[in-house]
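The structure's right below; bear with me while I get my questions together.
Read from first to last, the chains carry the letters A, B and C; within each, the first residue is number 1.
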Amino acid sequence: MIAGDGDAVGVLATIWKWAPLIGRGFLLNILISVLAMAMGTVAGLALGLGQIAPYAVLRRPAQIVTQFFRNAPWLVLLFYCILLLPYQMTVGDWTVPMPAWIKATIGLALPVMGNVSEIVRGGIQALPQAQWDSAESLAFSRRQTLWMVILPQAIKPMLPPWMNLYAVLIMATPLASIVGVEEAMTLTRFALSAENRSELLLPMYLALLVAFFAYCYPIARWTARLERRFAVKH
Amino acid sequence: MTGVWDWFLWLYEAHGINLPVFYDSYDRQRFFAGLLTTLELSVCSVVASVAIGLVGAWALGSGSVVARRLVQGYVHAFRNTPPLIQLSFLYFAVGNLLPRLEMAGGGSRPLLDGFAWAVVTLSLFGGAFNVEIFRSGIEAVPASTVEAAEALGFNRWRLHRHVVLPLALRICLPALSNNLVNLVKTSTLAYAIGVPELLYVSAQVWADAMNVREMMNVLLVTYVGMVGLLSFGLRRLEAALRVPGLGTVGGQP
Amino acid sequence: MPVRLASFASALAAAAVALLLTVATAVAAVDDIKAIQAKGVLVVGVKADYRPWGFIDPSGAIVGMEIDMAREIADKLGVRLEMVPVTTANRIEFLRQGRIDLILATMSDTPARRQASTVIDPPYYAGGTNILARKSLNFQRWQELRGRRVCALQGAYYNRPVAENWGAIIVAFPGVPEAMIDLLAGNCDAFVQDSSLIASTLVSDPVKWADYEMPMETFGEQAWVMAVSAANREGSFARFLAHLSQDWHRSGHLIALEKKWGIPPSPFLKSMHDKL
């Protein structure tokens, strides 16, 4: 199979030719995931605290918003943001351009927000009521109790589900290819289109899967380790 | 019924809110066909992924090292790669390597069509998570309960059938519900390989009618309603099956 | 709701819409070229998966016949060119939002698109709808597509007529590469597409496509058009593009570009050249 060997070399050479470009695309996947995680975490923390607020006017809307963004499919939220957000925003004298990848980041941050909100609520409610009661007996205000007693304890058990969420997020970033963001999956499709050879399909998609695995697997291992360490002994 | 559909026509003419999926019979038909496809896709994937989870968890608990390694390899591979790329890889690349069915009228058909590949991918993706969920559920069954059953003379099969699995299922139900709900949401990915599910038909409608805004909102409301119903049902199931004194793992209360 | 009240309400709404439109057109008669020059950049929505009109090379640069045209427009305006890859399903929405100034992305002229954007006349290219299919299937008439799996592109205007009139089962993909892969694998019996794309695909790699043909009678000859925002119907940019398109036809520039990118000569370009 001399011809076959020649083909194999040809395929590898082709992948090598496109690797720098697709690699740059992969960096955009990572950038999108990190930004969406940051935005979603901040918004989700606020929403989660809203969910345990003592006032129903705050609690009910926070619960509804949380459930809405947890129940909506990621891809649909992505389409929504890509197609319906404006291409630039004007804040005072500033005009902030909103390229597709920023809109995709916002689109991905929304479900992250809903899920972080639920993690925060679950983490805080998992703490024994006695923590609140004893802080109250020490004359801590509700806000002091929350920031100085409850959150510091709740954060550790929240960490593994939060990291799991990040893994789900990074694996959702290729969805941006469907809405035209030039990340790794889009560039792989463009490369396949430019090369126009079907024998490239298997190796190119496989290479992309391996790249994601190499990034996600260490995170998953680390998460599992933390999970074991923070596990509540029954 | 016609009156209701006509009301949407009036809504368009009077207020410019264009919802052809309600007043145009062709669009209405394809929209509801898409909804049906999404439901079928979800049901098939949920059932298959639970089966995969059960078999995988059983293999992890069996003595065979080979079986354990294989299942672990599968779980890691599918949990740590993006489902969209799995779908493209399986449909476009692996699908081309499979044998084909020759058609009577000329041409040939793939062994599995887009819908079948979507079910396969979603089941494998969801199943990888289910394996872990069932394993942790089985491990969380108190050792004392198992010992008590063994002392009563239960053999391995009856022990699993009547004691371990019923308890394990209750323990891991919250995590399982979460994963199944995710799976239904992930079914939108079938869009990428041309399966005419809800997102796909909606995109066709908004491309023809140029009504992205309206269609997007219809789509969101439909999905949130559907997924909300499912999670409501699963929560009711959890409540109905709850055994006093038995905790849960994963998922939130 | 009583019928009379409903019709009164709709009349009122219609009047309001008409008023709004008048205002919009009045406002729109601005010099939008000035605005683009002030920005210093022309943002063009192009295809990046539609060889040879728009596709990428390994450096990531988008190249192709339409890209050459876009570059020339930007050069003539004296601004930088920025290209945004678009798909058939999202290009009009991007134009509406203002994310792009111009669509130059294999877009066929349809009434709905004329309403949603400002279409530039004369068109720069034309093609009808046809299919790319395996010769062995021996297709001759569109009616034979009944019950056949036919690959297509998401958002293409001819998907609906092909499904509605001839009963084909349309399987639409987000981009050309996926549809081509599916066709080559034999998952689809045909790929319904613009006849120009099919013709250029067939000559691009005669060996690979040796078993394929474009068998049907091309229907619905549609012009390919550039389009700018609907709000700028009377704007200077639309006028400028119309003149430029005419010049391109008259000077034979489009025919030269077509040749440069290896596209089979189209009768449309020849007739436009002779006419002008």
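General observations
The criterion applied here is as follows: a residue touches a chain if its C-beta (ideal position, glycine included) is under 8 Å from a C-beta of that chain, and two chains touch if they have at least 3 such contacts.
Here the structure is a predicted model, which means the values were calculated and not measured.
A comparison of the B-C and A-B interfaces places the larger number of contacting C-beta pairs at A-B.
Relative to subunit B, the most remote chain by averaged C-alpha coordinates is C.
Taking each chain's centre as the average of its CA atoms, subunit B and subunit C sit 37 Å apart.
Centre-to-centre separation between subunit A and subunit B, using Cα means, comes to 20 Å.
For subunit B, the set of residues touching two or more other chains reads 92, 96, 191-192, 203, 212.
Among the residues of subunit A, those in touch with two or more other chains are 83, 178, 198, 201. With touch defined as above, residues shared between interfaces to two or more other chains in subunit C number as follows: 93, 174, 178, 181, 185. By the touch rule above, subunit A contacts subunit C in their complex via residues 17-18, 21, 24, 82-83, 86-88, 100, 178-180, 182, 186-187, 189-194, 196, 198, 201.
The residues of subunit C lying in touch with subunit A in their complex are 48-51, 55-60, 84-87, 90, 93-94, 97-99, 174-178, 180-181, 184-185, 204-205, 208. Across the interface of their complex, subunit A is touched by residues 76-77, 79-86, 88-89, 92-94, 96-97, 140, 181, 185-189, 191-192, 199, 203, 212-213, 216, 219-220, 223-224, 227-228, 231, 247, 252-253 of subunit B. Listing the residues of subunit C that touch subunit B in their complex gives 6, 9-10, 13-14, 17, 88-89, 92-93, 112-113, 115-116, 134, 136-138, 151, 154-157, 159-160, 164, 171-174, 178, 181-182, 185-187, 189. Residues 10, 13-16, 26, 92, 95-96, 100, 106-110, 113-114, 191-194, 196, 200, 203-204, 206-210, 212 of subunit B are the ones that touch subunit C when the two sit in their complex.
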